[in-house]
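Naming follows writing order (A, B and C), and every chain is counted from residue 1.
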Amino acid sequence: MVTKFFLPRILTALGVIFGVVCVVFLLLHLVPGDPVEVMLGESAQPADREALRQALGLDQPIHLQLLSYFKGLAQLDLGTSLYSRRPISEILLERLPATIELGLASLILALTLAIPLGVIAAIKKETAWDFGAMGFALFGVSIPNFWMGPMLILVGALWLGWFPVSGREGMGSIVLPAITLGTAMAAILSRMIRSTLLEVLTEDFIRTARSKGLTEWTVTFRHGLRNALLPVITLLGLQLGALLSGAVITETVFSWPGIGSLVVEAIHRRDYPVVQAAVLLISFSYVMVNLFTDLVYAWVDPRVRLSK
Amino acid sequence: MFHFSIIPLLHQVQIDFKIMIRFAMALGALLLFPLLISCTDPPTNVIRFGLATAPTNLDPRFATDATSDRVNRLLYERLVDFNDAFEPIPALANWEQVSPTHFRFHLTPNRATFHDGTPLTAQDVKATYNFILNADNASPHRSALAMIDHLTIHDELTIDFHLNRPDSLFPSFLTIGILPAQLIQAQHPFHSKPVGSGTFSFVAWPDDTRLELVRLADKQTFEFIKVQEPTVRALKLLAGEIDMLQNDVPPELVTYLAKDPRLRIQRKPGTNFSYVGLSLEDEHTKQLLVRQAMAHAIDRESIIQYVLGGAARPAQSLLPPDHWAGAHNLKSYEHNPEKSRSLLAQAGYHAQAPLRLTYKTSSDPFRVRLATILQYQLAQVGIEVDLRSYDWGTFYGDIKAGRFQMYTLSWVGVKTPDIFQYVFHSHAIPPNGANRGRFHSDQADLLIDQAGTTQDLREKKHLYQELQAYIAEALPYVPLWYEDHVFMAQQNIEGFTIAKDGNFDGLKNVHRTSPSMAL
Amino acid sequence: MMFRLGIPLGIILLWASLAVLGQFLPLSPNSIELSKILLPGNAQEWLGFDDLGRPIFDRLIVGARTSFFVAFSVVTVSLIVGSLLGTISAYVGGWTDLAFVRVIDIFLAFPGILLAIALAGVMGPGIDNVVIALSIVGWVGYARLARAQVLSVKERDHVHAAVAIGTRPIRIMMRHLLPLISAPLIVEASFGIAGVVIGEAGLSFLGLGVQAPEASWGSMIRDGTRYMLVAPHMVIAPGLALMFVVLAINLLGDWLRDWLDVKGHGRRE
């Protein structure tokens, strides 16, 4: 029963990851630009170039390169950076804590904002409260983080001097990037919480609960919000995607030394293996989190399992 | 039923939201706290140097970028150095020329030992150069040292370099840091754990953004902090988070920083040569009239005044006049749109059939800004320029392969006049050199060969000056300017002298006069 | 009504007309005056000058054209390709459909515009490459939506009837399926425009979009961030323009969704 539900999902996720690796590898290898020339520079002799090309395995046909890339992946070997010549897994591990830290901080901020806003908008549907909360949400989705970030720097760091401009040092430095990333997410989440809560509140069991004479508080929170939060968990998993791609830009704006800014740096340096590994890591964690929320959802709500 | 209950609900919900928010904040604080306290404030006895780009490789046998090179100069000692006129002077060793193809180097007696305590001997010199000369090691510096035939150790302190052709400037090329032979043998990872005999030794390199070195004489710690964005670098200097900066700050920001009484600004004329490179095989740009028209169309004075904040000298040649082989009174092309237009008309271009060029540049924002200005100035005389900016790798690859009509680039760190052979000789077409524009001139070749082979330094200098006068006429490059070096620091940071080529050797004498004010 | 429809519609019409008619206005977006570098606004030139002494107002209007052109190219291409593939896949069914779902899954495994960033980075800057990169990412959403919609309507009686009288599959798809599923696709596309406007500006912000001296709001913001300390006017104007356009499209999308009575949230992101 359990394996019947979980196993296909896990297998599908693995298949998707396999496909993702192939797509990224092929896309990045079929474009113009020769990494060897970038590495050796002008004075290199043709023989030196050939030697390096061989050392990097770039002289092999592409399907063999892909095969050896998979072999490396199986041993968690992601190759070597063309730019710094360090193992990529080492670079990613170095950058990962910063991204996780920023992601967690933004997530907490987003939930702190979104749950009250969504609930209040649903309960006070079509009042000034609802209007205000949804107005905030609309602004939140409409302000791109590459503008919000600089604006926060301008006001919070340059004019007021409360927070560091960028980088990751000291307590204050996480505040501005977390606000940038968190508010956009809060905006989307609060809209979704509102609409799911509105749907739930019209369902039969709520009416039953109310007719039993339970207080509005109990009805809304015990029965309403709890049931509304279930779809929100899934949405949260999907939102991680927005969080991760938002991190690429936000980290660049704030020079936050995470995986996102690594992607952009590596693109500008034509450091393909690093771009490839970072994109894979981000997609991998995205797939994994969604698989996880899927499974958690099914575990929490048996109806999902049965309907399968 | 629903809206009857709204009023009591309102009351309850408000109270509970407060609790909810408090709870969420507490949860947030709890989760963030361990992360936050792990980032401790830097200690104040450290002197912090802000960099635009981090060093990438602390192994002088492989490092090619300017920052790595400058940091490696602090960590390692080399045989030969340069004075301000770029004449070679002894560093680790004095030398004598035994024969045209044989140089003997005597290690100086008061040299430092390696940081691991072993003395630096002729063995180490030999091991370092042999490693580079070995083709299997694929060192990017090998081809520049191709004139070395072999090395022999004369005694512990004396080493002989035997050349395969005479070269009276040979000592100028021995600027690579010396590594301990034992560790070379043991394949020590110098690129991340450097061991040299320089005045600084390696402490830590926790990540790409932070490198820590200690000055051996007084145990003063220095931190090299990469801060990519110029604005942020400037702000960190203002906030006292870093103590000093050199270069790579837009002139507008330098002006802004100069107004702050807590900071000091020093400048020194530099030698990095910016130029417009042109293809001499392209049907348009191979015409001298076209190149002259372009030279007259560019308003270098305005760009220097408004965009570079006055911090540059107009250039007439690749070598600045204060180089020992530099030339004075070279032909210069003043900004003259009228003349430019008439030159273009002579070459057969007019409004109906304008000159159209593709201009490649790197995607560095300041380079794109300059390129956009040049594009506009050329448009004013009727040259339509299509600007393409590429990431450094693609851009540089295209330039080397000769896939361009027009580009801008700088020569950085040029020290020896053999650069003319490398850049303008017809034998130096890539991959044999950097004659990327495919300049073919018998006269230039002759002068380059003569200047290269003559062993008399006065004669050499004269020939190089003659060559530069010829090149200024033939105009394979449109010369732009030499950018100044700008050093910005807290008032309490003293003792830094700016190097002509922008290296960091000034850090050897830097000290803090009063305790750090910030943090 | 004024707020939900009038103002957004006004902003979008202004955006569209500036984009289309901007080339007939006497603008000099690329005219460089070195002596005016970073000058703030004055009575004639409200918005001031950028880091090359170019008028920001003029560049803002040219930037409107860039974002409009990219948004409509990408959404048109994605909408047509995505809904066609999705419709065909759902209609044909079987192994084709199964394989198609896998392909969609793989594309959806790249969060947000990450794949577009990587693609644009690899293809090099240029507005054409931006359109290509955003379209490669964009079609998937429409494909998924179209497929789901067709699956839900293809068992309807009139479709069965059409099959029974031997109507050609292409005609069935065009005549009987697409009209039924067009409302949610239109809502999705209207939100899609907002997404692409932000996407283009984001790529240009990262230096992967337009080439100098062309103007995009994203590249203007990017240039502006470098001079925030001395010339904050450079970063404020393009950001406000971008925000108002995106806000207007989102409001209009919301209105459209309610008006067409489309269930669910047409929004991804």
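Here, contacts are C-beta pairs under 8 Å (C-beta built on N, C-alpha and C of every residue); 3 or more make two chains touch, one makes a residue touch a chain.
The structure displayed is predicted, hence computed values, not measured ones.
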Graph class of chain-chain contacts, one of line, ring, star, complete, other
complete
Given the two chain pairs B-C and A-C, which is bridged by the higher number of C-beta pairs in contact?
A-C
If we define chain centres by averaging CA atoms, which chain lands farthest from chain B? Would you check?
C
Round to the nearest whole Å and give the separation of the Cα centres of chain A and chain B.
37
Need the CA-centroid distance for the pair chain B / chain C, whole Å please.
41
Separation of the C-alpha centres, chain A versus chain C, in whole Å, is 21
Two-or-more-chain contact residues of chain C, please, as numbers and ranges.
207, 225, 228-229
Touching at least 2 other chains, the residues of chain A are 158, 267-268
Please set out, as single numbers or ranges, the residues of chain B touching at least two other chains.
229, 231, 235, 363, 391, 394
Interface residues, chain C side, partner chain B - complex:
30-32, 34-35, 37-38, 51-53, 124-125, 207, 211-213, 223, 225-231
Could you pull out which chain A residues touch chain B in their complex?
32-35, 37-38, 40-48, 51-52, 83-86, 91, 94, 101, 104-105, 108-109, 111-112, 115-116, 119-120, 123-124, 157-158, 164-171, 173-174, 210, 215-217, 220-221, 255, 257, 267-270
Spell out the part of chain A that touches chain C in their complex, as residue ranges.
12, 15-17, 19-20, 23-24, 27-28, 31, 138-139, 141-144, 146-147, 150-151, 153-154, 158, 188, 191-192, 195, 240-246, 248-249, 252-253, 263-264, 267-268, 272, 275, 279, 282-283, 286-287
The residues of chain C that touch chain A in their complex are 102-103, 105-107, 109-115, 117-119, 121-123, 194, 198, 201-202, 205-208, 218, 221-222, 224-225, 228-229, 232, 235-236, 238-239, 242-243, 246-247, 250-251, 254, 265, 267, 269
Under the stated contact criterion, what part of chain B meets chain C in this complex?
229-231, 234-235, 250, 252-253, 256, 302-303, 305-307, 363, 365, 368-369, 371-373, 375-377, 387-391, 394
